[in-house]
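You will see two complexes here that share chain A, one where it goes with chain B and one where it goes with chain C.
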Partner chain A sequence: MRIKKEKISTEYKMKYSIWYHVLPFLSIGLLIAVWYLGSSSNPMIFPTPNTVLRRMIELSQNKLSGYTLIGHMGVSLLRVAVSLGLAIIIGVPLGVLIGWSRGVRATIGAVFECIRPIPMLAWIPLMVMWFGIGEKSKIIMIFMAALMPIVVNSYTGIKMISPLYLDVGKMFNASTEWQLLRSIVLPAALPTIFAGIRNATSMALMVVLAAEMIAARAGLGFLINRGMEVFDVSLVMSGMVAIGVTGALVAVLTNFIERKLCPWNRSI
Partner chain B sequence: MKVKRKFFEKNDLKYTLMTVLTFVVFLMLWQVLAMNNLIVGEYTPSPSEVLEAFIFKIYNVGPDGNLLITNILTSLQISMSGFVLAVIIGVPLGLLMGWYRLLDRFVRPIFEIIRPIPAVSWIPLMIVWIGVGTEAKAVIIFLTAFIPCVLNSYTGIRQTSQALINVAKVYGASNFYTFLHVGVPSTVPMIFAGMRIALASSWSCLVAAEMLAASAGLGYMINMGRNFGRADVVVLGMIIIGFIGYIFTTVFTVIEKIVVRGGTI
Partner chain C sequence: MEQKYLTRLKISNISKSFPNKEGKRELAVDNISLDVYDGEFLVLLGPGRCGKSVLLNMIAGLMKPDEGKVVLDGEEITKPNPQMGMVFQKTGLLPWLTVMDNITFGPRQRGESKKIYTERAQKYIDMVGLTGFEKSYPYQLSGGMKQRVGIARAYTNEPKILIMDEPFGALDAQTRYSMEQEVQNIVEKDRRTIIFVTNNIEEALMLGDRIILFTNYPARIKKIYDVNISKPRDTMDRTFLMLRKEISENTDLAL
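Presenting the complex of A and B:
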């Protein structure tokens, strides 16, 4: 590889680097061009980027159903944050307990394994029947969706720890199980636990949308659903763009926290 | 060592008993609570009611107008077509993106724009663009399953050992030949892991996809069960989806073990 690089003529290198920097812009340009072309035939069902952008600006200035676009984003994010917080507070200790103690694994863990294959989206109709369509039912839905990956990952993370670490701990006279758990097991499992939290975040974003699309008065899912009801495709697309931006921001945030909390994990 | 193993076996029996006991207690508790409408009111079917609904649905078209087997087959067909499409397009795309830097630079921005948009939010757009037929559902499932396929093949081929690539180069292999005969085979485990994730997510997206107008399918059955207030049918649908998903994962893991053991270096 290194030899080949030296052989590459400077001219080729420059050309290569030009393409290297130009292509990302080219692809975005192409995407927008295709969007324009596709939407020119029937702007009613496929609005142009312009229309969507204008619609988004309008939404962020005028209130729709009591909130601006940012407000709707905030409503959805608040729902996600509350449920995710609850899921972390309950899920991580539960998962750690299932992974650490065989008794808990044989009882609670077994029930969990049984429920796990049922996809979260399939729970939503039952949750609606049980808890209605209010705020409580949304929080419960998102909480359950976030809980599963957190518990499963915490438990897997604990189970995958090399026995070598535990032996070292015992050699250095870790007297109690708590000591082993706190200073060896938890730090070693933290990257896996965090991967679970990351999965849970994207799960929660998906479920908050689904829950809001069933019935809500605010939130990004509400925007999308309202757009579908009144056949306003630009509203639907505005909602989608907003959820995309939200998702990307949340992903950046979780990556940042992860780097701060477990800096030894180079794989992020 | 022998003593220790025996000790473990004794413990294993104890824990198995504990598991069995847990399930018995769990089912009994569920039955009692459901019969007395204790937890969440009247919409709690007991296990025996779910079993009854299962037997009923085998021979009767029930509240949603289809036999259980029709629903299962319809759902399988939709999720499989989405999944197969995702594998056919996603895996080669991920591999090529991982190998050719310029292609990566070209495709990645588009990919990163589409990635954070959850599949659920595509549903209204798909209704407007493609309609409410099988294609729309397959496309929604494709969008979910596509992402893990691309990401895993991409990450996998980027991890190809440089030593192997260098050997191929020393023997005069072209870049494409190296890609095909060194890069791809060494990525097979990661591709399969991605396909496993894609399979699970394509199956789990089913209920959402069938929320749009459908006339058959497990997700449709669940939604109709909710509309008619038949919680037993809803829970039955959930259990069947979970069960089939579990079988999927198990079978796929076996295939994965066979292929990965035989196919890589």
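Presenting the complex of A and C:
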């Protein structure tokens, strides 16, 4: 007996998807309209979208403190990328170990639980005092912020695995701990681990701004801070828009990677 | 009559208890002894949640009995034993693997050569009627198709004994009926020793060479039926209906 592949009704999909593709543009349009209305009262304090856009174009052509707007974006992104990369390399194995081994959970896991409730921003003064205000301290700050969600999610992902999958592994020749870990536990936890990486990315974007606002000569946080110091509202808002765009791009990128890595996960 | 059969699996006096809400130990499986013969289709029939699954987990080595032992071909089972092919009640397909990768999981872990296991897997994929779905993921399949994958996976691992734990319990009546016939076809083409667990009397009678009827919790053997009706069986056959009535009257109510 053979079963025929079912075709999803494309007609049905089309009918609803067009409407849902238009809606986001409408709501974003509304946001810009409200911005216009609000900004007309005092352009010095609340510049119009036009002014901010023109400022961004100007910033992209002329360097400010050695970089164009794109350059500043690049500097911030590089800091995020390096720290995030380190956090993934260290955080995923750490979280997996905490979730997999009772011994590690009882020791390192306990320490982690103690540190976890301290908000990341509270670490910044300590980092500045210990590591100064150079590149190193920024990387460490962002790394710390990204590490927490990655470790926590990796750990939870491992803990949440259905015992059924482990039974399946054992009944189908995954006889060593390593085989179980590699072929059952890690793939089963991958979507949760990835959710942690996504959280870590937004944490990293937040902390890179904070770190750059404290002391930096480049980066989007620096731009925003410089704007504040000289009361240049359109510069501040240019930085804000740029960080929003950066965040959105990074989100698109992580979603893309996740879909490539976990093609079976429909929730993406 | 039983003398001419070779005993593959010997279950001797196994018991298992679990702590209940008050913290006292409560028996789930009470002193069961059972021989499984080579090539037979053995059905374990009992009311829902009567302890059949506990018994099965002990046979598979996923659970340790408090007392007694399980011996397969002269070797005592003390840990999960891949020589038993398990078809899980909840299918247990690994969602991150395609149909083909799910089915070849066992041989891959064992380090078999890809050419050999792929060929074997394809044979069983064709046999369970999943040709063309090799690259699909489990979420793309219906409940009945998922359990077909489960069956193909168990066969491809070349087990000495196949254990099917209420494999069709989650399916609707119609699909269930067609899956029962499917299993019968497969058994005809590829004879193996099978232990099949169910709470459905008709299903037991359709498939089983021998039916072990269990009491309600804790599981004890109540009666053993030899089903001497030639296959494929007709549900309206006189002997079939009489046996069905007899078993039905003998079955404890699951409350």
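Keep in mind that, in the parts below, the second predicted complex is superposed on the first by the 238 of 268 C-alpha atoms of A that agree within 3 Å, B and C clash if a C-alpha of one lies under 4 Å from a C-alpha of the other, contacts with A are read in each partner's own complex, and residues count from 1 in each chain.
Operating definition for what follows: contacts are C-beta pairs under 8 Å (C-beta built on N, C-alpha and C of every residue); 3 or more make two chains touch, one makes a residue touch a chain.
Predicted model only: the values in this text are computed from it and were never measured.
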Both complexes share chain A, so when I overlay them there, do chain B and chain C fit or clash? fit
A:178 contacts which: chain B (first), chain C (second), both, neither? neither
Chain B versus chain C as contact partner of A:228, first or second or both or neither: first
Between chain B and chain C, pick out the one touching the greater number of residues of chain A. B
After the superposition on A, what does A:263 contact: first (chain B), second (chain C), both or neither? second
Determine the nearest approach in Å between the Cα atoms of chain B and those of chain C after overlaying the two structures. 5
Which chain A residues contact chain B in one complex and chain C in the other? 1
Could you please specify the touching residues of chain A with respect to chain B in the complex? 1, 4, 19-20, 23-24, 26-28, 31, 45-46, 102-103, 105-108, 110-111, 114-126, 128-131, 202, 205-206, 209-210, 213, 220-221, 224-225, 227-228, 231, 233, 236-237, 239-240, 243-248, 251
Give the list of chain C residues in touch with chain A in this complex. 60, 62, 80-82, 84-86, 88, 90, 92, 94-97, 105-107, 109-110, 129-133, 137-139, 145, 153, 157, 178, 182
Which residues, counting only chain B, touch chain A once they are in their complex? 11, 15-16, 18-19, 21-23, 26, 40-41, 43-44, 101-102, 105-110, 112-114, 116-125, 127-129, 162, 165-166, 169, 203-208, 219, 222-223, 225-226, 229, 231, 234-235, 237-239, 241-243, 245-246, 249
Interface residues, chain A side, partner chain C - complex: 1-3, 5, 164-165, 167-175, 179, 183-184, 187-188, 190, 262-266
